[in-house]
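Take this structure, written in structure tokens, and hold onto it; I'll ask about it next.
Chain lettering (A, B, C and D) follows the sequence in which the chains are written, and residue indices restart at 1 in each chain.
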Amino acid sequence: MTLKVGVIGTGVMGAEHVRLLREETAGATVAAVCDADAARAQSVAGAAAGFTDPLALIADPEVEAVVIATPDATHARLALACIAAGKPVLCEKPLAPTAEEALQVVSAEVEAGRRLVQVGYMRRFDPAYVEMRRSRIAGEIGEAVLLHNTHRNAAAPEWFTGAMAVTNSFVHEIDISRWLLDSEPVSARVLQGPGGDPLVITMETDRGQIVSTEVYMNARYGYHVHAQLVGRDGTIEMAAPTATVTNHSLRHGHSWAENWVPRFRDAYRIQMTAWVRSIRTGQPVGASAWDGYVATGIAEQVVTALQTGDSARLLLGVRPGLYS
Amino acid sequence: MTLKVGVIGTGVMGAEHVRLLREETAGATVAAVCDADAARAQSVAGAAAGFTDPLALIADPEVEAVVIATPDATHARLALACIAAGKPVLCEKPLAPTAEEALQVVSAEVEAGRRLVQVGYMRRFDPAYVEMRRSRIAGEIGEAVLLHNTHRNAAAPEWFTGAMAVTNSFVHEIDISRWLLDSEPVSARVLQGPGGDPLVITMETDRGQIVSTEVYMNARYGYHVHAQLVGRDGTIEMAAPTATVTNHSLRHGHSWAENWVPRFRDAYRIQMTAWVRSIRTGQPVGASAWDGYVATGIAEQVVTALQTGDSARLLLGVRPGLYS
Amino acid sequence: MTLKVGVIGTGVMGAEHVRLLREETAGATVAAVCDADAARAQSVAGAAAGFTDPLALIADPEVEAVVIATPDATHARLALACIAAGKPVLCEKPLAPTAEEALQVVSAEVEAGRRLVQVGYMRRFDPAYVEMRRSRIAGEIGEAVLLHNTHRNAAAPEWFTGAMAVTNSFVHEIDISRWLLDSEPVSARVLQGPGGDPLVITMETDRGQIVSTEVYMNARYGYHVHAQLVGRDGTIEMAAPTATVTNHSLRHGHSWAENWVPRFRDAYRIQMTAWVRSIRTGQPVGASAWDGYVATGIAEQVVTALQTGDSARLLLGVRPGLYS
Amino acid sequence: MTLKVGVIGTGVMGAEHVRLLREETAGATVAAVCDADAARAQSVAGAAAGFTDPLALIADPEVEAVVIATPDATHARLALACIAAGKPVLCEKPLAPTAEEALQVVSAEVEAGRRLVQVGYMRRFDPAYVEMRRSRIAGEIGEAVLLHNTHRNAAAPEWFTGAMAVTNSFVHEIDISRWLLDSEPVSARVLQGPGGDPLVITMETDRGQIVSTEVYMNARYGYHVHAQLVGRDGTIEMAAPTATVTNHSLRHGHSWAENWVPRFRDAYRIQMTAWVRSIRTGQPVGASAWDGYVATGIAEQVVTALQTGDSARLLLGVRPGLYS
């Protein structure tokens, strides 16, 4: 009854997934850990099995389900191996660096005839986003007409480009906007602030809604993600993300974290619990391989829009029946 | 030493200007009131002189300065009469319904060789906007790179069009954005939400900044104006606009007004005090005739952008030396 | 029609009252200024008359109404002189340092048979307190049962005692609590924090309500006054006192001032406007001499409660009919 | 490695504990469930063992640890049985309805020579309280001098008395105040609002700090718990407890729940995870039997203070070495 999970990758996210499985997830156990560095793999694995070859971990009969937390370029290949092995997999975002590769995962899954892949767009499990979507579906704000997103990082490496801001950061807004609105973006345009940062990306959806997103890679003051969903009858948006507020040194307010980890800690935990439960119940949750493909596919086209400065029509293939 | 003011128009704004002059403004008195309806004019005027002909009020030697609060179409003509009479005038926005007419006021003032016209873009006196501008100039948020504006009305008449949303509402954001940023918009694009409301208008400035504005004419939940100025080092934005918050009926929070009056009551008061003082000191404050022309001129071009759906280059004439 | 006001005292508050009369008050002019230092008096007076003898200012036929902003010990004596001269007076709080002296002013006014004295408990004109009282009277929170007050100063001089915290600071909460609740405190008890600062003062009213107040003289982080009124159906409390909020240096929030001036600037302005208008209309507003006596009288008894640590019954004389 | 837990009681809290163990707690499984109603017990137990006799569940060798969620009167007796059986127990608050009974549990544990009892004062695991305590210990607010607590229930049954408000509700503030401050209350006084509700309870601690608590059983507007810790350098307090805020119907803000369940859902989850981990590691966490005794003992004496209206000295026995 306890799900035996193998975790591939022991970086920040891989190590966190191991910790979540061990300390905060009911009904799961870490059966194996893989890292190219054997010592590192074994150190994180503890009493569990250590691997250096991810394909060996996937093949191990002791491993019932897999978490992929390796560098982006390897995601699709490993997800394909999990599908081939018939094992459920939670794959960190993005599903693949290119739409073409992401589509291969979709195709393999369609061929396999059942959903095995969940892509780690963890915002879908964040209590604020969950409440925003619930509220919209319950009709509490009336028809949704507009979504404002803010995505601010404290600092990006110097070599970070606007294209990377789209594929690394904005890709989260692509996924969460589709999920919040239950609609598909059909056009996009990108404005660049001084020096190319921040970006303001406006999209229209197939329901005529507007999605407006600020992506600011060097906001300096802290890591800050915000969303406000605007409806015909009212709006719903994120509250401040801290449990406490302080008065100190002529200031009142709350603190910002320096990166995404504290902001989305709960989302990662709930995602893991939901994934493990979904394997037990057979009811998939979270972002599917198709969602992973769409996010990557739209990001690619937004990069083009960024480079041309024009408004781009967004094109995607037909959604296979497996994902309806 | 007490400035004798004549007020033309006794609608909502005209009556409020009379009240402000009488009850909340130092160094001024209401010397005359004009309304097409003689009884109405006299009733508001009280012991002061009542007029039905605005030009007669302007010409009256007892009137030292004029407030214009008549329908928009008459503003330019009356402002021109004040300039001809050499009397300082506070003219409700817009300065004129068309850029062409507004430019006639500018030309007349330039010919007269001194600034007599202040346009009632009262947001420039709102404490929140004033603090945002002060903070930017003081360098507290670093270089300003982005401005987010939200302009929500509870309800618009059924016959209200998107073009009216631009010329009546967004015109405020045109003026305040220029003033907050000390830069000029050079391009604009308009996205329309479902049914044409809300609009999302993105502008770029001559310093490469982005100005993103939501204009929502039927937001239903209340009248809500917000602005956030984003800099390299931090952001500054409006706080909630109420003095109190409540707990009641499973809700915590503050109320929204149904229209702009309570939100900008202080701004109108401070504007009036500043205008009266500026006449005493000879130092003009607030939006000039040139600013009034620019706001109307850009609004006209944004209406075109709305109609085409394309991004529009914004073109204006050369700013006369009088306004530098 | 313009009220000619004489201002006695040119310290922080006196100078501010002169500025308010000149720059922000309709229907008034500064006719005279008094200071023991003749040069200082004349410098503040400008074109108006300068005095060094307050009684001479009060007697001057050019002075129609008086503002007292001298050291506390002189308030009662000067107020008595104004009453004797039949001139309306706005007297800075406290009306007198002792209840006995305050009662002399009350008696003189009762004898004069009309209300001439307004005590400068300016919080009664603060928009937040005004809204709280309006809401209670309108029945929006149901029967008021409890009032929480917080009164924090950033720093007090080293020689400041708990008794001074009561007579200088808490005296404001005595007045505003009576005004907010329309009830009278009948008992009080004082708890002292470590080293005697902060104090927590609990009072019961003649309607069985509880008034709980923190008075903290060295809160360090800033000047912070807060009140929450608790009713049977809900609560109403002050919102944050700033027009803007910022994100900077890993913090979100608003600033605190170092002292009371910015927090109550509007209250002082509105108080002055209301006082000038009340003289024109003959309808007294604000805290009366009786209110001034009660505030000082209760403060005296709370000082005794502080010294004994016991709960004290609060005793006052009978309110003369002039004040009902 | 998976802890086999038996849960006694299947009311609101018992059922929630079963759910938490099954769905949100790593390393535990529900081995047995007990309820006087056999059908109910078996329905909640599912595949696990159902009991009607709590002592039989405690004795069952398949049960390694016990959760007590039965009516208050039975807590002590069942906790004693767990101690006798040498099994760790998480006992819902209060440990016992009387100090005398609670002391018996303490004595039994002391005799047993090791800590087996954790009392379910779940606030110690609430992220806001945890952050407040961490901040104090880290020195971020300087020496703590004052704690303000607010404890509001939407509605209490008609037969609810002030004494019950103390023993059911205020008992939480007794425990959390000791934990937040690392000090012991030494005196208490209770003021009663109109009709005996709300109460304002002031306590002094052995470090001279003041703890001021409002307990309001019929606040109507919602369930609202708040705490602000005041230090020499600043304050820290709870933020709003919701993930989202809305604009609707002329209101901005967040909602209140009707009872404590949503507010402390996370605290219960984290408490359970911490308890299970503590059994694995042998490091006790949370409120001990001694803490449970102190909370009940002080509550008893506060009830006396409530009845006399006087300030009461709070007396407790000597803390056994097991708890230091």
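Going forward, a contact is a pair of C-beta atoms (placed from the backbone, for glycine too) under 8 Å apart; a residue touches a chain by one contact, two chains touch by 3 or more.
On a predicted model such as this, the values are computed, not experimentally measured, just so you know.
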Item checked: Between the pairs A-B and A-C, the one where more C-beta pairs touch -> A-B
Next item on the list: Please identify which chain has its centre, taken as the mean of its CA atoms, farthest from the centre of chain C.
Entry: A
Notebook entry, point to check: CA centre of chain A versus CA centre of chain B: separation in Å?
Noted result: 44
Next item on the list: With chain centres taken as the means of their Cα atoms, state the distance from chain A to chain C in Å.
Entry: 57
Item checked: Two or more partner chains touched - positions in chain A -> 219, 221, 233-235, 240, 245, 247-249, 254
Next item on the list: Report the residues of chain A in contact with chain B in the complex, numbered from low to high.
Entry: 142-143, 145-146, 148, 189, 191-195, 197-198, 200, 202, 204, 207-210, 212, 214, 216, 218-221, 230, 232-235
Margin query: Looking at the complex, which residues from chain A come into contact with chain C?
Written below: 219, 221-222, 224, 240, 245, 247-258
Margin query: Under the definition above, what is the set of chain B residues touching chain C in their complex?
Written below: 2, 21-28, 126-128, 131-132, 135, 140-141, 233-240, 242-249, 254, 273, 277
